[in-house]
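The following blocks contain the structures, represented as structure tokens.
Each of the two complexes below includes chain A, the first together with chain B, the second together with chain C.
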Partner chain A sequence: MESNPTHSRLTAIALTFMAVIWVSPFSWLILNAFNTASTGQLEIPRSVGLDNFAMAISGNAGRQFLNSMLIAAGTATLSVLVGISAAYPLSRLRIPGRNAFLWTLVLLRMLPSAGVLVPLYFAAQRGGLLNQLGVIIALTILNLPFTLLLLKNFFDTVPIELEEAAYVEGATLFQIVTRIVLPMSRAGIAVVWFFSFTGAWNEFLLPLIFARVQDAFPMSVGLYAAFGQQGAINYGFLTAYSIIYAAPAVGVYFLLRRNMNTGFAGVGVKG
Partner chain B sequence: MKNQSNPWLTSNLFVLALGMLPAALLIGVLLYFTAWAFAFSFTDLALVGRKSVEWSWVGLQNFERLFTRKGFLDALWTTVIFVFFSAIVGQSVLGFLLAATLRGTRSGIRSVVEVCIMLGWLLPDIVAAFLWSATTSQTGLINALIVVPLGFPPINFINDYALPVVIVANVWKGTAWSYLLFSAALDSVSREVIEAAKVDGATPFQRIWLVMLPIIRPHIATNMLFITIWTFTYFPLIFAMTGGGPGRQTETLAVFLYNQSFARGNLGFGSAISVAMLAIVGVLSIFYLRLLREPK
Partner chain C sequence: MADVSLRGIRKSYGSVEVVHGVDLDIKSGEFVVFVGPSGCGKSTLLRMIAGLEPISGGDISIGGVRVNDVPSPKRGIAMVFQSYALYPHMTVYDNMAFGLKLAKTPKAEVDQRVRAAARILQIEDYLERMPKALSGGQRQRVAIGRAIVRDPKVFLFDEPLSNLDASLRAQTRIEIAKLHDTLDATMIYVTHDQVEAMTLADRIVVLNAGRIEQVGSPLELYSNPVNTFVAGFIASQRMNFVPVERAGDGLSLPGGKILTLAHDQLSNARTLGVRPEHLHLASPTAAHFTGTLTVIEQFGEYALAYVELPGGELITVKLDGAPDLKLHDTIHIGLPDHGVHLFDDKGRALH
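The block that comes next holds the complex of A and B.
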């Protein structure tokens, strides 16, 4: 914003300083994760190695990684599939009051999820779904209002003339959807998938209540259980575990970064 | 009725309806459960024990308890402080300042700062809680780098200043969202308007306060709506860092709700808390949506 060179240099220094402060908490995480004799203190490791990471992907911890992966990918895929098949008709057919309805649902979901969790828990208990499948279905239900609204907004931007042209050429509904609508709203679908994936990957409360045995814990609950423990805490293991747990959420974002920003602008403007 | 004249849609209405069926079913389940959550708030249902089976209707007793017993009002006050300082003052103002400053800087610095802030946002809640517990502990980064070198004895931040610590942690975690939204908003402000203000001799502060802010007011309202509601019901970070303690210093409504419903098993009272939270969130949303609609 400033044309003045000293001014802009000061701004740059201030920004760099801020960035350093922002990432500084990570120093402890990284120093301990690579320290083979970690004590949980902030210190330069004497011996560097990957032992902690090896420990964090084997046994129970490795199992919890798979649980998290299954829950997150399952929820994201199920949400997107259910969302697409409903959002296309919602976008194209003139159903009276559909926008008001979707917004009401989204506002309803602002309700603290602990509230809906009580009846969800009872239903899952009765249906024998206090397991990963139950968590996937529950998270999909909780995600759906937002997924529907976003996907409908993205489908709205696909020009209907293209579909008309395809129809004239003899394309069926299925072909129109899979060859035109879906490829053209790829960015939007990626955003929705990403939101559901990270949402489910980070989800803590629902699996905390649904998962009864340590084998079924996803990483969020596993990490919480491990650092809440009294007694000797293995910091090396915990920090390595944290890094592995954080990696997919961060990684997926950077993979989809360009799409994300496009999609994000859409959310912001439509509000 | 323009859209419905499209033949590939009208001839396939059955298929389209079939496609909507799973979503309709799940939404129905969501509405049904929400209705139950409301209904539970008028009962003395418990998580375990006799009252988990033989519960009975108790009328408005749970709602009376919200105001007559200690807990709810204290938690509400803690939540207000938490939301005000971490979401409105912290995330929103900081996010806006960053967006406004980074707009004019070189793209190299811009992406470095962006990535740094994003890391906090992308980090899972529980990892962030773990990280901040360690950073603010007696041997943690803040003590090792600032407090001890200055000659003071190490401070146990998480015990002595629990609420400020969770507020800072939440600012650290959540600023990226406000930054991204404001950044997209400021991109929609045309350069000509800013240049014109510059030519007319507006100071940087005036340019922000009198030119940019009024233009992006709808975005500010949208952002406020989202982050207020999220922060209001935000649970994992505080729960994993402090569990609401020490004492009840950091017991926000979301933590209070969890403790009442699942730690103590008072599901009926817990449902009343979540209904009360929904009412508060609803009033806040209407307030912000008003702000959004008002003419500029």
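The block that comes next holds the complex of A and C.
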């Protein structure tokens, strides 16, 4: 390697510059969130406290957190349940046109959700579903192609002999699915659940259109609304709120990593 | 324990028929091996007995009861799969207890039966382990244990040893033979390995292209094969086949020598078959074949010499001990007085 002092100093400066660009937005976020007298400037806080966080989990903001949780967990759970019931037969039965069907699903997945917003909205209006349940159902529908494809692929990895062995031993189809296939696809189901969860957690457009009243807004919409509320921007509240909003995604990342590592169970088969 | 009978069993996938009418009676307590090359329908036949494949035609009875429409769990069978098919998320104990628990057997009885089976197979120490913590041979025992626990009338084995390495395969083969002796149950065993068939079976069923070629005890098949297929398939070293033609009171062999032979149907004989272990080295005058040694494989206790005749036919000779032969030597081979098989133009044996 080069040991030229000028050269290494230049490298150090370049790296520092990059680091500042990367780190400054995060430091701004954290410094302002813990600053009880935040002004929106990048500065060392004079008084440090959790007041902003307290504000971001109480009242309206707290309700929005619960709304987000409800929508995200509801969507993820419903997606997984419906996905399992559809993906298992798709994985095991020789349905004519199965591949064409799956590729159509991929196409559906590519469509931007804004493209189907208007029909979705009117369908929900007619069905009396302009509420959180409506959001959950709509997000599940949009999410299903992805869920279905992933789950089908996970089920494909469960060797058919295990099901045959269970069948010979007297297991019913329901017992085969619940006691063999699902436990073996645990990791896959977790991945799908977490992905659906973050997807629904991040969703902005559908809750905004469907929910319409502030009480029903999730955090994504609440964050948008917090800009310029009552004329002035409360930067301390906003930054604390953002950190809370981002936390589940980070949490999901770690949970996912652990689940990905547990891996799949092809060990029952072969030596 | 139960007898199994197959009557005109057929199996087709769409318009393609893969099993063409199989008739077979398996006696109670018998160990029957289905053997044949891959794609001959032996596994399909076993899966039809197990109830994993629908039957396209014919009747299957187990213990005198027609079971065509009886679902697999009610047929009183247990199956051991080639891939073991252990449930990877359950301990060995739970794997073995799974079927009994499904049948709502009382806990004490489950425990007693699992432990009894584990004792027979010497896997008591692994009961709390997960399948992935076991070696291939141990997994295979658990798979067999899972079958024993259910106390079935008929055991079905689908190539259970083919995932094991050679030494373990030989060892497990002996254990299965002992197991059959201990349990005294009807066993149907599918393999493509003729050594397993010869050593384990009371009776061997040789299958080819969806048909039974021959049924018989291992030694019957060895000494009286009904056609060239069975003759070539049974025994470790493949039987030698050479084309022959009638010449006076005997048969003219490749190379021009005449084999004098008393046989009713000499004029129908087209192929002569002889096992490598029945050939011997002979003096040039007494020899029936003369050729060049192209390959010699020394095994210590015996050697296999591959001799090429002038006409291009390759003949294998099994010689005792370690014969002192050099590559490209001229070899003279003599035929035995007994143990020569004659086949007609369709490959059928002439007796």
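In this text, the second predicted complex is superposed on the first by the 231 of 271 C-alpha atoms of A that agree within 3 Å, B and C clash if a C-alpha of one lies under 4 Å from a C-alpha of the other, contacts with A are read in each partner's own complex, and residues count from 1 in each chain.
Simple rule for what comes next: contacts are C-beta pairs under 8 Å (C-beta built on N, C-alpha and C of every residue); 3 or more make two chains touch, one makes a residue touch a chain.
The structure displayed is predicted, hence computed values, not measured ones.
A.B. asks: In the superposed arrangement, does A:M184 touch chain B (first), chain C (second), both or neither?
C.D. replies: After superposition on chain A, A:M184 lies in contact with chain C alone.
A.B. asks: A:V135 contacts which: chain B (first), chain C (second), both, neither?
C.D. replies: After superposing on A, A:V135 lies clear of both chain B and chain C.
A.B. asks: After lining up the shared chain so the two structures overlap, which partner does A:E164 touch, if you call chain B first and chain C second: first, second, both or neither?
C.D. replies: both
A.B. asks: Please work out whether A:S27 is in contact with chain B alone, chain C alone, both, or neither, and reply first, second, both or neither.
C.D. replies: Touch status of A:S27: first partner only.
A.B. asks: Once the structures are superposed on A, label A:A56 by its partner contacts, choosing first (chain B), second (chain C), both or neither.
C.D. replies: neither
A.B. asks: Check the contacts made with chain A and report whether chain B or chain C touches more of its residues.
C.D. replies: On the superposition, B touches more of the residues of chain A.
A.B. asks: Taking the superposition as given, does A:P89 touch the first partner, chain B, the second, chain C, both, or neither?
C.D. replies: In the superposed model, A:P89 contacts chain B only, not chain C.
A.B. asks: Considering only the contact definition stated at the top, list the common interface residues of chain A for chain B and chain C.
C.D. replies: In chain A, positions 164, 167, 171, 265, 268-269, 271 sit in both the chain B and chain C interfaces.
A.B. asks: Of all residues in chain B, which touch chain A in the complex?
C.D. replies: Chain B reaches chain A through residues 1-4, 6-9, 12, 15-17, 19-20, 22-24, 26-27, 29-34, 36-37, 40, 45, 98, 100-106, 109, 112-113, 116-120, 122-127, 130-135, 139-141, 144, 172, 180-181, 184-185, 188, 194, 204, 207, 218-219, 221-222, 225, 229, 233, 235-236, 239-240, 253-254, 257-258, 261-262, 267, 270-271, 274-275, 277-278, 281-282, 285, 292.
A.B. asks: What residues on chain C touch chain A, complex-wise?
C.D. replies: The touching residues are 50-52, 72-73, 77-79, 81-89, 98-99, 102-103, 130-132, 135-137, 139-140, 146, 150, 163-164.
A.B. asks: Which residues, counting only chain A, touch chain B once they are in their complex?
C.D. replies: Residues of chain A touching chain B: 1-2, 8, 11-12, 15-16, 18-19, 22-29, 40-42, 82-83, 85-86, 88-90, 92-94, 105, 107-120, 123, 140-142, 144-145, 148, 160, 163-164, 167, 171-173, 176, 198, 201-202, 204-205, 209, 219-220, 223-224, 227, 238, 242, 245-246, 249-250, 253, 261, 264-265, 268-269, 271.
A.B. asks: Flag every residue of chain A that touches chain C in the complex, lowest number first.
C.D. replies: Interface residues on chain A, with respect to chain C: 159, 161-162, 164-171, 175, 179-180, 183-184, 186, 265-271.
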